[in-house]
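I'd like to ask some things about the structure below.
Labels run A, B, C and D following the written order; every chain starts at residue 1.
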């Protein structure tokens, strides 16, 4: 790429954690990858003008605004990058797609299936591309896992076991944020991190979840109002001034995949000691893969072929022949979390040029949304239905 | 202990894998532990006289017989050690308890809840003690875990995640054994290995499972008849001569504990690459423990107390101050699977003398049986009920 | 930092792997850290004008040149960042320091002790700061290790064991590069990666190496001339057209630290299967730390204080309270290799402003150079001197 | 094996830790392995009659004595099993071999090379077999490693890196035992645990060490006299009543193998946090193996063959096809430290019958002894000779 490559002018909506991350990605992508267009950060949108100005200055956005509609309406913007809470995704994306923009929308796609379906519908008719930000698809180790599974090295898939374990809410006095508010966030651990597990599982396995049985829990029902300090986590101003938690702390469900696999999922922000254990293991009749994001540069691979020395291989997915890795450092010099977003930016730009398919599409993301809704519906009735005590009586003389 | 300690004369029923293991345990226990009685292997019982004679000779049992009733009726037998398939447990145990014997019965306690309840009832009225062989309770690392949890180092328990992953049936041509026959084994992965997870979870957490939602799968519905070669696994004589598999290959369930914890369980013999991954992780508001039997000498312990250097500690549970470990080798010189059975023998003998409580009791084991039955009942209706496709429609306009 | 912060104009010399890395670091640092000056990439220097122009375009350097003297002479350049092979470091650094520039020089500081000493001397008299690029000091896990050691949590240090294991030269037909040429590189594995181990060890332990006993090996004495393809590793044009390898493939040495610790070091590019295992373990009477760069976000920490559950803790050094980590993502979202260079840029800018001490100084780096020279001198005489066969005779009647 | 197999009557000398271990091994071996002779524990020898009587009773030795000469002289003893401190090995072994006994002698073979040579000489002329107890050769994982190396899966060996790290002397107030007394033990960490590394390395690599460069350290020069409590470690009666430590706490050396490999060895009892990390890694041009006894049931295996998914495999060496493992439990049900001794007993009995070669022979063990002596001799002169400070001066103008 040279500076003469055509620009792709980006408006980014959201100045929080994800906004910073996407900015870094747009800037880094063209320095390490050959791209068909040159992404140009053009306009930053944030609700609070002062804070937005500060972020824009630090991250070198040439313009900023408090109104996302400005981005949609301007002719000199090509891409709308949506990094806001889930309750605003649908409205912005629908407007952007209608205006012919390319859209990158953070996950989860929406807070409801109805919204998601409308977004899929709009994407189908749109001139621009529409991609959802399930960034873990861009982990080199998981991209390699997908290649291995597609090549048949796992064989017929029987088991999908996925855990997404965090512990930042383990402390009952960790402060309240918008992520604990159902109106803003849609759901808690389920939508925030469980959604990643669902997308990763369906994408890796090449199978969709068709039914679930779920349980959800809110272990800590109120949390201190967050003080002045910004940032994920933040600092509580007054521990007794508490706001209600209206989302789940944890969700667990079993799942039936349409290809026959049996799934077991767990998402929680209260797995004490687990900082970001986004784990997945897929087992088939020919092999298995296992992954834990806490060791994101590694993929464990098992091959059931006859050999006296078989065992899970700890593959460092940092070699030139591995997905994305060739653009970076020598083998063994790992990448970090932010590189997922750089890879996402790369794939987005390439998808705009038609070089690669859009992945995940809004339809893929709506399928995730549908699973999330099914999980919530199942949990509402509390699917942990079969009582242990009763069973004893029932089965006397007629053992189960 | 000296040779003048009173003997405890043992009759062991079963000449297979577990029979060998228990024999080794009875012989080893008094050499490394100070015991109130001296266990004396006296009588070995097996259905096939010739094979039994051979095993008796090798394992130095002075007498053998084909009739377990002989053991129950003889006055010079103190302990009946039941190592047979689950369908025979109840009959033998009831007779033995009625005869005033001490009984050690392999797990699962029985094949049905009704049988288990009858056994509990008999145990309550019996003169002898009655213990069930959930041997994993005797893993030093798990015994330490229980101490830590009892000492409050995990705090209020929120999560129990247990997986018991094996892969010896991953190959569709692995031969048929009695363990695949519902009449003999009761169930498959669920009762064979899932039962261990359930017992361990309830024992560690100090909470019982009160309701479940379960799915079970039989991925390979027939297997080759086993050939002449003995041993777990064995060798198939003719791959086309197949017998039906009437038990589950895998079981998964979510669980509600009566103390408020959320449980997620998975048991399978088809987790390719996992030889014997009996894993459990328990998280509370003050800490967590994690264990994998593939590394049985290690316990991972997390302490949520403030320290700049917090993380799961890999504790080698081989120190003099650790449960059972002091009787063995210096720190870092690990124990093996068989030592669980030696520890079980030690605890059994001590329980006979009233030095320690019986653990697990038949009542503990019946509670496990009750959970197994609830899992089977839940799975019969297929608890993975909430369809993903339908949800979409339902939630339009009324998002879940 | 805002755009009104004073700029620090940078000239970077070198367009290879390290040049790209430093560029990314200068650009990223101010976006995530509050800095006293704003680093501004101003001038890129490379020997080959065409290639330099291409790199400058991609990495958005506004100017480029083929002559490093231009950078030294220009008044509008504040920092000279030296990313060239070791044989050119001294000349450039001396000129830059004489011109009053701040200097960041890649490691090893020089190819000889004499050069290094001259550089130290110049740095002492210079107006600008002089820092050497031992980037591993900026690994959050190692920075935490240093804090723990400084806080006395390891106690009196007895052992330093350091291994730097790579395998990119394990294949005898991996192509020749300047790194295999003694005139350019100074030494092989020793200076390239062993130098990192030496610096890390001395910095962590707070002790210097005062004597060594060393062995060096060149297992593959010639390698194919590299073809047209650029990059570390590259592609060989013709396997039979071979160039001599004039540096070591591996170096091993024992070391005496001036604080009493016993050191064992090994550096090799032929540890098959080890991609970038930069490992160090330091043991004292109160605890220990262990690190492996293949898992760069983790530090293993052992505390010898009395507790029934002691073991190495796997600390994910990604928390807000950990060195550097607070500027980035939530806990458990790891960093990659490149972040070391961003942290180095941060520390450099802060050192220019006098906010933090220069680390490592040229004197620190010269001490590393001195150890490298001692290792080479020791190995020249082959320090593996004591023959096993002879010993037998000698010790008869007078056992050692 | 049946009880009609000919007996092999054993006299065991030593009632400590190793005596218990060997007893257990002799008893267990015939129960799980088919053996050509039936080992029969016949006579236990210990210096203190009362203690010996107690141990004999507990471990069911039918006879005991205070005089090892009785064992050598009696016609009804076939095997002399020497489990005493190293200073007594030569005298006992020479007498036993002269009397036509089979001899199993604990390691290290002797305290001096002269003694070892005499023992080799006697073994050569003896009617019985003579084996040294380097028990780690019987670890299934290491036996598999040897098979893989012999099969060429590691290729031409370049690197041998061995560490034997313990920490039981890390505490300066850990009590004094005979193992800290040069007259009894010969040396400290070097002979006690370093000897194992040396034997394992030479045996696995199929190469002998021909020269060394060594350093040894005694960090704690006196220790409290041990109180009344028995056992490794024990309890100090009075912390101020101290005895001198006349052996090394730690030894480190580089080594030249006669097949071209470069060795790096470290043995210490002061590696805080490492309980029994007997580690070895061997790298060649085709692959590598790595092992740590703290996870004794695992072997890490790397294969350099082209595959997009290469990495160290964690092989659980517990399968029927693995060395020794077939006699035990199903895959994934690990063995413990004591099983090494059972396997050693098996191999000893088979070697007596000529079914397998003696391994290690006294000559193998004498080679280890010779390396130990060379290490001590090298360390006496302090091989860490090349001073860092001087080097600087020397190399000015003439860089190394």
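Heads up, the rule we're going with is that a contact is a pair of C-beta atoms (placed from the backbone, for glycine too) under 8 Å apart; a residue touches a chain by one contact, two chains touch by 3 or more.
On a predicted model such as this, the values are computed, not experimentally measured, just so you know.
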**Request:** Could you quickly compare A-C and A-B and let me know which has more C-beta contacts?
**Result:** A-B
**Complete:** Of all chains, the one whose CA centroid lies most distant from that of chain D is A
**Message:** For chain A versus chain B, what separation do you get between their C-alpha means, in angstrom?
**Reply:** 39
**Inter-chain centre distance, chain A versus chain C - centres from mean C-alpha coordinates, in Å** = 36
**Request:** Mind pulling the residue numbers of chain D that touch at least two other chains?
**Result:** 274, 310-312, 316
**Request:** Write out the stretch or stretches of chain C touching chain A in their complex.
**Result:** 1-3, 17, 20-21, 23-24, 27-28, 30-32, 54, 57-60, 166, 168, 231-233, 274-277, 293-297, 316, 318-320, 328-339
**Request:** Please name which positions on chain A make contact with chain D in the complex.
**Result:** 144, 147-148, 153, 298-299, 301, 308-316, 321-322
**Request:** Show which residues of chain C lie in contact with chain D when the two form their complex.
**Result:** 111-115, 117, 154, 158-159, 161, 163, 167, 170-172, 208-215, 217, 219, 249-250, 252-256, 262, 264, 266, 268, 270-274, 281, 283-288, 302, 304, 310-312, 367, 370-371, 373-378, 380, 383-389, 391-392, 394-397, 399-400
